[in-house]
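Both complexes shown next keep chain A, but they swap its partner, so chain B is in the first and chain C is in the second.
On to the complex of A and B.
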């Protein structure tokens, strides 16, 4: 897949970036790219579902819809973007350039919108067929 | 002898408490002889209550259901993954926006590590990479500032006394 190769390219060009995951709200992964030295096995499978719920709920505090959440851990940082129905997750070292990663993530919105729209149309078609 | 005072209390002025009726009393509800009216009023009441419940649900922040989500069945996951792969291949053929964006990204590689050393090891939050000439200019400015701070001489002028009058 071309997009997969392009994501591998981004990881090799960006210092500290370990993984890029594109998934839906139920955690089904569309595209996943990781640094060879990094393993996603220790990460809970409910990563995307937790973010989806948190994103929905935090949109109720009166500052309009939530766009992204950045979380800092002891050795890593994680940035997740809400491009409904897609969720993009960046996992990077704690000292990676957060602003640069936020910029890359924001740039993904338009190119991935075609995929997001296709998924929404597909879900609507499936729903209509069931009716 | 005394006086017995009384006041005329207007019902509208009573502050609502937990027992105060949410919906206003409708006069038609007392009309037991008209069953249709009674039914319509009940429906209206139900509708209003549903609106109140819906509005509360929209504004209520509740994350208690994070752990109770049903996990997808493996068959569903496989089917959905296959569907997504088809969508991605179809979209890849249609536009090259993503490739163009990625090719334009400047690389932050290990060669730029010295930049972080120049800002005392703090990871800076900047939104694009820095040009080489900007980096060297900032390094020079920082070094000059450091030299200036080291050249500040403090002279002891004795006690400094202020009188308050």
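On to the complex of A and C.
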């Protein structure tokens, strides 16, 4: 799968980047790529659901829609992009280049919009079939 | 004793043409002090129509504190679980940066209280981070006994 290869490629080329995860807002993982040295054994849906909750609330601040949330922890940083209905999560070391990660995250908008659209369409079809 | 007027003056020093609001608030979301300037980009028409000028700041404080607690409680735990076998178990949350379509917000902790800066789209994340670090270092000593223990 091309996008998986692309993710692996980005991880191997980017210093400090440990994982890229594409999931939906319920925490179901669609694509996942990790650095072999980084253990991602029990990734839990709390990462995505926290983001979905936070995104909804930030929309009410008065600065229009939320694009991304970057959280800096003592040893890690995590960048999450809101490409509704998809969420991309980058997990990196604290020393990784945040500006660069934000830039590559923005580049994913177009390739992922195809997947996002097909999800929205299938949801609409299901809804119409039920009616 | 704490002098609230001076806190507002310190917050005011952070402001510029691109960073237009600085807030100090508790982890429960109640606003303690704020500073804002004429370049302010927050406040929907509904809120502007209200007579209280601190209304947008109160709302940002409430929402920011909630976002902070969501990430502090849920995701710190997740990172700690990952590092069970390593030494660095105290992977505490330091800072949150929110990038919105019409502005940027950065949130951090000073003592037991939270500080937030709101900028427009012309501001860059590096500048926000440096200003926030300076502000947090300044507040850390004086505010370490303020606020609830959690």
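By definition in this document, the second predicted complex is superposed on the first by the 128 of 131 C-alpha atoms of A that agree within 3 Å, B and C clash if a C-alpha of one lies under 4 Å from a C-alpha of the other, contacts with A are read in each partner's own complex, and residues count from 1 in each chain.
FYI, a contact is a pair of C-beta atoms (placed from the backbone, for glycine too) under 8 Å apart; a residue touches a chain by one contact, two chains touch by 3 or more.
Just so it is clear, the model here is predicted, and its values are computed rather than measured.
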{"item": "Fit-or-clash call for chain B and chain C when the two complexes are aligned on chain A", "value": "fit"}
{"item": "Partner chain in contact with A:61 - chain B first, chain C second, else both or neither", "value": "both"}
{"item": "Which of chain B and chain C A:29 touches, first, second, both or neither", "value": "first"}
{"item": "Touching partner for A:13 - first (chain B), second (chain C), both, neither", "value": "first"}
{"item": "Touching partner for A:50 - first (chain B), second (chain C), both, neither", "value": "both"}
{"item": "Between chain B and chain C, more extensive residue contact with chain A", "value": "B"}
{"item": "Degrees between the directions from chain A toward chain B and toward chain C, using C-alpha centres, nearest 10", "value": "30"}
{"item": "Partner chain(s) touched by A:102 [first = chain B, second = chain C, both, neither]", "value": "both"}
{"item": "Touched partner set for A:71, first chain B, second chain C, both or neither", "value": "second"}
{"item": "Overlay on shared chain A, then closest C-alpha pair between chain B and chain C (Å)", "value": "6"}
{"item": "Chain B/chain C common contact set on chain A", "value": "46, 49-50, 53-54, 57-58, 60-61, 98-99, 102"}
{"item": "Touching residues on chain A, where the partner in the complex is chain B", "value": "1-3, 6, 9-10, 13-15, 24, 26-31, 45-46, 49-50, 53-54, 57-58, 60-61, 94-100, 102-104, 107-108, 110-112, 114-115, 118-119, 122"}
{"item": "Residue ranges of chain A in contact with chain C within the complex", "value": "39-40, 42, 44, 46-47, 49-50, 53-54, 57-58, 60-76, 78, 98-99, 102"}
{"item": "Residues of chain B defined as touching chain A within the complex", "value": "58-63, 65-66, 69, 71-72, 77, 80-81, 83-85, 87-92, 94-95, 97-99, 101-102, 105, 107-110, 112-113, 116, 123-129"}
{"item": "Chain C residues within the chain A interface of the complex", "value": "41-44, 47, 56, 59-60, 63, 66-67, 70-71, 74-79, 81-83, 88, 90-105, 118, 125-126"}
